[in-house]
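Structures are listed in the sections that come next.
After this come two complexes, each holding subunit A, first together with subunit B and then together with subunit C.
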Partner chain A sequence: MKAYIDYKNVVPKTVIGLMIFLIVLVPVMTSNMATLSMIILSGVWAIAVMGFTLVLRTGQFSMGQAAFMAIGGYTSAVLTFKLSMPFWPSFFLAGIVSGVVALLIGSVVLRVGGTYFSIITLALCEIVRIVAQEWEPVTDGARGLMTSPPPTIALPGFEINFAASPVPYYYFMLVLVAVTSLVFRQIGRSRMGGTFFGIAANPTLAEHQGIRLMKYRVIAFTVAGVFTGFAGSFYAHFLSVISPVMLGLWQSIQIMMMSIVGGVGSLVAGPLIGALLLYAFGIYVSRLPVFNIQYLLFGTVVVLVVIILPKGTGLVDLWDRFWRKVVWREKEFEFEEVEE
Partner chain B sequence: MPYLELKNTTKHFGKLAALDDIDLQIEKGETLGIVGPNGSGKTTLINLISGYYRPTRGEIFFQGKKISGLRPDQIAKLGIIRTFQSNVLYEGATVVESMLISSYQQYKTSHWQSFFETKAWKDENEKVVGKVIDLVKLLDLLNDTFLPAEGLSHGYQRMLGIGMAMISNPGLLLLDEPTTGMNHEEAKFVVDKIKKISEQGVTVILIEHNMKVLLDVATRVVVLSFGNKIADGKPEEVMNKQEVIEAYLGTETL
Partner chain C sequence: MPPAGIWIDGLIQSCIYMTMAFGMVLVFSILGILNWTHGQFYMLGAFVVYYGIAAAGMPLPVSMLISAVLIGGLGMLVEKFIIERLTGPGYGPLYVTVATLALIFFFEGASGMLFGALDKGLATVLPGVLDLGSFSVSYQKIAVIIFTLIVMVAMYVVLNFTKVGLAIRAAAQDPVAASLHGISVGQVSLIVMGIGCGLAAMAGGIMAPVYVINPFMGRTPMIMSLLAIIIGGIGSLTGAIVGSIILGFLNSVIAYRLSYISELVLFLLVIIILLVRPQGLFGASRK
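And now, the complex of A and B:
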């Protein structure tokens, strides 16, 4: 018998290295800027979906994630465009403001929780849209606000010019997604993640074991708000404009659908898969000549995923199985570089 | 000063008085049995003590401090832990996961330490997991540790419920019909555990329908009927009183 190598430690390192290598080189491989933009935007949505999933972890259905994107987007747009603040502080503040709004609203609405909470978050989308439309002096109303790209960063040897192409945005998004993923993954694995699960699974029992329901529901909602706000700010600056109609009820529903398709149980991988696939699907479908068929097709996809895949798992289940079969070898093969 | 005291405690649901002007004192270390026909207010009493309900009138004191009106999680933090008759489990969790969620109060490290996986957190986690495994062994659930809690038989689910209550180190344990749905052996097992718990100094209040269990384990018995306390004293005396027998069996119709 040959010496058994612990595959769980050896293979993933080389494979992960390979994956990181490929991810970092995506812009080089896609010469088509439209494809790159699509990938960038799915990253933005993935962050919003992660926020939705985190709140779902505590047993609450937030239909207002698009509203927080709008709040984040408008905050940084107003700060940069109207108050001439530099980009990076505005970006940072966008997340903070979004989080504060989530904190304030959550502290009131999460007391009732459940359906009432979902309806109010739904209403929040509309309220944000109306405020953006009517508050002319601040938001320029229905015309929307122009946003400028982040300033060029001069590094020794080369410069990162956001205005020139989407490529710098890709790396910016990559960093954002990586940070969000890490934070959310850690939350999920920590004691707080377990507490979230308990609150969702049986709030009464959890309460009687000393867990203060409101505290954790508000924490989840606020954290989701902060990161979704960052996503919204990025969104606004990438698209060079933000207007009241861009982020509304339909977007909140899409976020929810991305979470379902990716897998509601997964905090990181599920949202990434769901956002990427469903956003790509959406772009493809919007080119079809049949009027408004996208709603029908989206619904069909969601229903199919829910029916075909086991309860709650979504497409991330397929990814998990693939990963386990192809990458984590169980037989006595020698170490083998795995090409996917 | 009594360990737990209920003064004039009343709970109305609309016009219905589930509990009517109850006075009750419980000393530390007692094992108090609460009996009565269905609908007499036993679970309501536990719900009031645990904070799930607010008394319509009257007050509840724990170690001299007023606890009526506090939230359930605040009361749980004082060391008063209860089990449930139904609604016992965390859906979708395995036995060990359920126990770990329930050991919320055992952790002194903050969530930040857990988030960053600091050494202090890891050490504390080891200790808590050790306690959980000990308790799981004690309650004969070791074989099912990684199984979904819903897959357990009814009797074992209740054992798990008791385990989840025990892991928080209660000072006052409220057991709501712990042996319901158990056969003779399982009930004996539970009685044995309750005795052990009591030996460790925990004050126990248990609602029971099973007379054998009650007489074996209770040091004192309180009988409720239609929201009123109709007897309070030593088990053998109380169960032989006329009013108690009438409450359960009805009066003769001759």
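And now, the complex of A and C:
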């Protein structure tokens, strides 16, 4: 038997590997604060978008994902600023609190599905914002809470100082995104991921097969909540402030758009592409001198992506198509006409 | 008791939400989608009326009709080129939601570029107040109430006593059966989208002399009329009216007593209604 290399599988993966390698090396190539913080923040959004996409897998779409970021951010901000706890326990508590809130809310709210669920999460998002704004003793109201950067980690030979430069944040974000991606990828490939698909595609059939819909919906919602909480905590500490207007309904909508533009077919690649491209695009157009043009271009791009891409597959599908159509020049399978 | 002015303000807000919610419910019952861009049609309608009065010097009713026609046409274009393409088989409801949400940014950015983001005020078109002893009402606010009554009566007549209304009701009840009886559901969708957006534009136009006009004025009325149709029951016209009245007074009379807690009350009310009775107060339960 002849050993052979499956080029069609290996070459794209090598390219992806090279890209990841380049992304890891970005701080070596540039120390430009703006570039670094752009990539860092799009990483944060990517985690939130992954959470949204996971919930979407079960057929529910949540318009309140930014609320979980706000809960995570406020948890760690309150713990570090008001109760002067160290950073790392607060960071993990932020994820846990956000996950517990998602579990409690999800187990009540997920019973009504579809549009109703979206509206309820929209209302929850607004409630979180109002509470953050009005609960003055804890959240300092509309002024927002100041957060401190993570403490300096002293290693033999050198030390990681979060206050001095964004580079440590960059690698922290990479680790966070990598962990989230691995977890979500495993979930997507496991039996549970298949179940998610099943209950989205046909809830009635799934229920009659003995799958408890609520259980899987709540699991997806809770996992999304935990990681979104981590992202929120990171966001608050990176920007060194968290205020009620930073994470509201419009940010939830932004998360939703990133997910759809990136593509909901994959749990990891789609959100990463969507968050990176839309966030970078938003930053780029906000530098244009024409007033308000960023809203116009943002809306146009999202509408065009949704309309033009076939069956709304999102940008992630283009990668696959690029290799199949442009590089390998594969032909679609067609029935051959019988010639007389 | 809050002063009478607060009650009247509540009534005005109810009227505006009612006109908008009516359009949203119509669109929902035919197309099966929530049109998230509805508030931006309200905003564009206000701008058309502003320029109609301030630049072209037309009277208010004429410029309101013009804005209804223009914005209704715009809504039809949106239906034709965006919504229709995204509601075919294979697309979930999510794609059309995201497209209409993106249109919010599109229209806000476009009107910000065209008209500027500064607040614009229109000089009162109907000056003077009606003195009612202990309090007084400006004619402008009375005009809002009369306008809403006219719109409601007109919609009642159109829906119940015309052929188009019959087609709309039939298509809302069962699109397949309606198309079997020779009703073009595609055309009905276009008409309904035009009517809904035209209503929103007229609501914006009648409010233009009362509030300030800016590109972001559509967000709050959109969310509020959305919540109104949810409280009343998605797809129910009666529900939209009752929900708007509840919301209008909640936003003014209860806000007078409780300030920000009224917002919390509003959202909690929505959540509780959806949990206990997802079809809303007036919606028929359906599977």
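Going forward, the second predicted complex is superposed on the first by the 291 of 340 C-alpha atoms of A that agree within 3 Å, B and C clash if a C-alpha of one lies under 4 Å from a C-alpha of the other, contacts with A are read in each partner's own complex, and residues count from 1 in each chain.
Following the convention adopted for this analysis, a contact is a pair of C-beta atoms (placed from the backbone, for glycine too) under 8 Å apart; a residue touches a chain by one contact, two chains touch by 3 or more.
Computed from a prediction, not measured in an experiment: that's the story for all the values here.
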item	value
First (subunit B), second (subunit C), both or neither touched by A:163	neither
Contacts of A:33 with subunit B and subunit C, given as first, second, both or neither	neither
Which of subunit B and subunit C A:24 touches, first, second, both or neither	neither
First (subunit B), second (subunit C), both or neither touched by A:306	second
First (subunit B), second (subunit C), both or neither touched by A:208	first
Dominant contact partner of subunit A by residue count, subunit C or subunit B	C
Set intersection of subunit A contacts, subunit C complex versus subunit B complex	none
Interfacial residue positions of subunit B with respect to subunit A in the complex	50, 52, 71-73, 76-77, 81-82, 84, 87-93, 97, 100-102, 104-105, 107, 111, 114-117, 121, 164, 168
Subunit A residues within the subunit B interface of the complex	186-187, 190-192, 194-195, 197-198, 201-202, 204-213
Interface residues, subunit A side, partner subunit C - complex	56, 61, 108-109, 111-112, 114-116, 118-120, 123-124, 126-127, 130-131, 133-134, 249, 253, 256-257, 260, 264, 290-300, 302-303, 306-307, 311-312
Parts of subunit C lying in touch with subunit A, wherever the complex brings them together	34, 82, 85-86, 90-91, 93-95, 97-99, 101-110, 112-113, 116-117, 215, 223, 226-227, 230, 234, 260, 263-264, 267-268, 270-271, 274-275, 278
